[in-house]
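Take a look at the structure below.
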Amino acid sequence: MSSNSFGRLLRVTTFGESHGPGIGCIVDGCPPGLPLSAEDIVPDLKRRATGKTRHTSQRREADAVTIQSGVFEGVTTGTPIALLIENTDARSKDYSNIKDQYRPGHADYTYDAKYGFRDYRGGGRSSARETTMRVAAGALARKYLAHHCGIEVQACVVQVGEQRAGTVDWSEVENNPFFAPDPDWVEPLEAYMDALRKSGDSAGARVDVVARGVPAGWGEPVYGKLDAELAAALMSINAVKGVEIGAGFASVEQPGSEHRDEITPEGFLSNHAGGVLGGISTGQDITASVAFKPTSSLRLPGVTIDRHGEPVEVVTKGRHDPCVGLRAPPIVEAMTLLVLMDQYLRHRAQNADVEPPFVIPPGGEHDR
Amino acid sequence: MSSNSFGRLLRVTTFGESHGPGIGCIVDGCPPGLPLSAEDIVPDLKRRATGKTRHTSQRREADAVTIQSGVFEGVTTGTPIALLIENTDARSKDYSNIKDQYRPGHADYTYDAKYGFRDYRGGGRSSARETTMRVAAGALARKYLAHHCGIEVQACVVQVGEQRAGTVDWSEVENNPFFAPDPDWVEPLEAYMDALRKSGDSAGARVDVVARGVPAGWGEPVYGKLDAELAAALMSINAVKGVEIGAGFASVEQPGSEHRDEITPEGFLSNHAGGVLGGISTGQDITASVAFKPTSSLRLPGVTIDRHGEPVEVVTKGRHDPCVGLRAPPIVEAMTLLVLMDQYLRHRAQNADVEPPFVIPPGGEHDR
Amino acid sequence: MSSNSFGRLLRVTTFGESHGPGIGCIVDGCPPGLPLSAEDIVPDLKRRATGKTRHTSQRREADAVTIQSGVFEGVTTGTPIALLIENTDARSKDYSNIKDQYRPGHADYTYDAKYGFRDYRGGGRSSARETTMRVAAGALARKYLAHHCGIEVQACVVQVGEQRAGTVDWSEVENNPFFAPDPDWVEPLEAYMDALRKSGDSAGARVDVVARGVPAGWGEPVYGKLDAELAAALMSINAVKGVEIGAGFASVEQPGSEHRDEITPEGFLSNHAGGVLGGISTGQDITASVAFKPTSSLRLPGVTIDRHGEPVEVVTKGRHDPCVGLRAPPIVEAMTLLVLMDQYLRHRAQNADVEPPFVIPPGGEHDR
Amino acid sequence: MSSNSFGRLLRVTTFGESHGPGIGCIVDGCPPGLPLSAEDIVPDLKRRATGKTRHTSQRREADAVTIQSGVFEGVTTGTPIALLIENTDARSKDYSNIKDQYRPGHADYTYDAKYGFRDYRGGGRSSARETTMRVAAGALARKYLAHHCGIEVQACVVQVGEQRAGTVDWSEVENNPFFAPDPDWVEPLEAYMDALRKSGDSAGARVDVVARGVPAGWGEPVYGKLDAELAAALMSINAVKGVEIGAGFASVEQPGSEHRDEITPEGFLSNHAGGVLGGISTGQDITASVAFKPTSSLRLPGVTIDRHGEPVEVVTKGRHDPCVGLRAPPIVEAMTLLVLMDQYLRHRAQNADVEPPFVIPPGGEHDR
């Protein structure tokens, strides 16, 4: 078994290695009738792309996506939609020196342990290049959810290493190369990143995400809870080490009388729950936060062994991000969008006829 | 659709409401030949049970589990194993006063929003009573993994509200009613809980879990990553709001040169990764941490509305845990065990023939 | 892995052995709001039951089904519905003589080959007793599909050994113990069965099934075709060796000009397709036919070996059906109903918004 | 939902329309270490290809398959294997005249009923062109099963319209363009096909398949039975209307004393079961038979309606097979191979440790 598919009713299956001929995905289960072209996908791919500033990997991929199937006369047909992207800027020679080494913090060793050997070029299948197709599929889900349900999903970087954003102004996020929600934080962040790059070290990041406009009732008890699937989706992104929903770990220290979001006919009075109760959406903003570890590909030498068990010193050359979290928001958005669209289809499968007794207006300030 | 099954090759499907005639599960896919009787399941059920001390809900369920199928002459046959438990101490009259109310922080409203109405007795399907069957199924996985792979999974409570354990001594966990890993913490915790109970308020908790003895190579890229599935499994437990793997959110502030676990022929030098790289186990201890929110059922009155949108004051009577996290370790262990056994079977399906080039001895101190 | 679940969105998981304490199933994914009680299930269980006439096995099971969950105040809640039936008339001593033997035509050997050993009492999990739960779950689907979609599913026996029904009058099927659609065939069939029983031999049967009222558009290309899933569902019934849709094998000899069902504004002119084109329903009657092999449990001695490879003579005593096909129609109906309800939910998940350009009235005489 | 994936542990997902830019598939779950190149796939694609003789459609596709991922240095890596084929000989103008018509016997109407509209060029997704990717994926399974298990799967055409093969000599099948197992039947078949083509009508066919070398123990009770999954796999092929396992419908008329395959220490004495008992392989040849309906695309005019409900006369021009069954054997083999490889992986997931008490040598003449 090998698990390269995601979702139940909207099902995305990806393929491709960092330095193979190309990458791609099949999106199965999209309802018919959605206007879709490559132009709908390009903007999110560009938001995720490397090489835009000096702060990210200098690999420059065209990311020219083509739609191979499932769209006819500009509209989805209900049959599988295949998206392909050629790899154009792979430099495999960069990696020959580490082909027998197990880079600390990488999947080199674990792939060898699982499969007996691996495609070592650029990390092969374990490369973050795979996330390109998540973003491509997510762009489809974004369009569908916007059109049909008025849903909007947005992510931003709120912390890099020990540097934290001072405020979260969602309207600022796209105005800088860091997906930073605080305009006053951009300059110090540039300085921080320049210093980091020079040091040869790397930094982690925290990314927040919010989904606005999700109606109450989405999500499936007991093992398909909306927050459980969101957790899996976000934890499946390369380098993620933690996921919080709503107040997250802060809820450990909140008394119940504070944490429980009280309700009035005009709406919830707070949103510590992050828009999910019992695994089902409340109609409030759905909020989550994600921890990205620091990149393990460093110019600083490290201690490791090779495939034969011999000790070696490793120094990563190649082209790498000193902080992968800086390119993560489009990926975090994509996974959130895919979970939501899948849950929407599942909800309407079982509950298309349901009329809720009362709809609470969203309201409620939330923790993030 | 409705998602009451968990796992792919070892598949657990649960049923039952808090106050219905009983609860149960079907465990499908267990290999044949495992000696199994109800006695193997009872200890974990007792560890999870309510009513053992004054610090947990006073509901006293016999939790007398019976095996209905899949075991013949004391040994699993490879066919589905059904486990049943009767509900014996359900007091539905406790709930009649809140049947039309939406208790803040509960799934009352979201179930109504999803299904149009709900079984309000004791929370119905959203009750933590469902976790009993997770523990029962987990006990089977525990026995299998111990016998076949020498794996051991253990969880403990490291924080309650603002109170934190001073040390983590895993050998102390079963010596007190709090699953506390620090003997010096037990007395202050008792005092804290007594005060909490008197106050009518509730507290959250942080639970740590460790899986020892998992060999390198388990877990499936890309969407079935071991840590991604662990995140879903743990987040699917009632009241969980956050999950960390290894260093978790602390990795945001670690420089890459610190976070990456260096390797020598004698083993890893640290375990910030929590025993998972690229979604696949490294052979080190697998470590995770889980945030439980404070119970929302409080004796303190709260503001809410009823099904008709009218404002009401809610006061929960019934029998409730002031800190659900205190009974959570067996549930956290169970979900971890189920994920591991499922991944084991998946790994051997695809990779039974694989011989890894080199096996790194585990080693490595970890963050939790 | 072990596959005791059926369906994707309406998911039935069964458990239980012929001579264990009981059998049961969990039906997951049923929409909320369906009035349901045990009384809805009993009639189909009775139709399937043994011991009603001298022509079937004399085992007499009460088949007293209880609903354990998922129904509140008489109505489905959207949570999993567990159905249980105790085994009350199991006589395990009947089987002790054959516990080491591989009865020809049974699953004795193949279970041993797969699992290393088996529960030999009454065939264990391979017993037709398992089909009881298919019928129970099917009764739920029957009620749902009748209420929500006006769908009716009916099966009958059209051939026993070399004896064939002269006509198919669906209104006669429930008027005799053979599910025979031809009143003139009942008497000869009784004589045939009496002779068969005396001979100690057994006979196969052909069962036809029709689903009326299925609208056009159900079914999923390419691997989830309505007819493909129907084929799997029917072939999964014990003793089935063949499945036809519409004209079935007769279509091999039909010229295309005859087989293709022409269309007028008033409807189709024929129904050789059996109501399915491209894996999707046409709105016509869906028709299928199923071959049941003769029972392998005979009083006539047979040649076989035991678990040690030693030759032995086998004579089945116990209580057996000389023609299992005679009790099969309720099972065939149940599997058809479950496939249809599952496909209905899947269809509405993806295509709830679709408006077909034109709806062809059904019409069209069909081959069966 | 939309079901373009097949298999559980070896999972094939296909995409592509008849006249889109290309077709492809992702094969997920293949064990690592299998030598694989496009050359392994080409022979089966050629066997399936159109345009080789005057008896099949004159569309001439290069079917130049490329491997996009999952193979490194000539060997599978355990990650998803993507296969792509460009469409090079699509002539969409051929279809413009029927874009608004519902061709009798086609999926035109049902796709419109399901999705509201359709890609009408060459049948879009409902075209048999999709089966190309089944054959490509099947070639991978063929290689794996041959290398690892010594399994061989072969199919042949035993009947075309009313013409039947006189004998079945499996060694003759590849010596003629009809996959005919009887050398004396080739000439009459050519004459028959020439006459058929001239007439403008079409014919059905019966295809037999055998899998040799499958060990006892593969297949999963109860809903994942080997024969049930085979039935679904074969029925999912375009134009299939019936599936038999072993004796199939003939078993209705066999007395039980004849049908049950008796056993001696030297092997089974017959194989009416088709190598499957209780859904699990017996170690004998697995045999099945499949009915293909006559093509519905005829030059003979037919009565139908258009999308607006108006009556029209339809005459198919384009390029079509007068008997699709003549190209079906490679597709039937592919689906059989995919089912077997999937079941193999599932079997070893659950039962890798099992030691059967006794292995019966296969033996046993079979019905087909």
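Every chain is named by a letter (A, B, C and D) in the order it is written, and numbering of its residues begins at 1.
Following the convention adopted for this analysis, a contact is a pair of C-beta atoms (placed from the backbone, for glycine too) under 8 Å apart; a residue touches a chain by one contact, two chains touch by 3 or more.
Just so we're clear, the structure is a prediction, and the values are computed from it rather than from any experiment.
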Neighbouring chains common to chain A and chain D, by label: B, C
C-D or B-C - the one linked by more C-beta pairs in contact: C-D
Centroid distance [mean C-alpha coordinates] between chain D and chain B, Å: 45
Whole-Å separation of chain centres (CA-atom averages), chain B against chain C: 39
Approximate Å spacing (C-alpha centroids) for the pair chain C, chain D: 26
Residues of chain C engaged with two or more neighbouring chains: 1-5, 8-9, 14, 29-30, 32-33, 78-79, 114-117, 125, 221, 345-346, 349-351, 354
Residue ranges of chain C in contact with chain B within the complex: 1-5, 8-9, 11, 13-17, 20-24, 26, 28-30, 32-33, 66, 68-70, 72, 75, 77-82, 84, 114-119, 124-125, 345, 349
Complex interface listing, chain D residues touching chain B: 9, 29-33, 78-79, 221, 345-346, 348-354
Residue ranges of chain B in contact with chain A within the complex: 1-6, 8-9, 14, 102-107, 109-117, 125-126, 130, 159, 161-162, 201-206, 215-225, 227-236, 238, 241-249, 251-257, 259-265, 269, 272-274, 276-283, 291-296, 298, 300, 302-305, 307-311, 325, 346-347, 349-351, 354-360
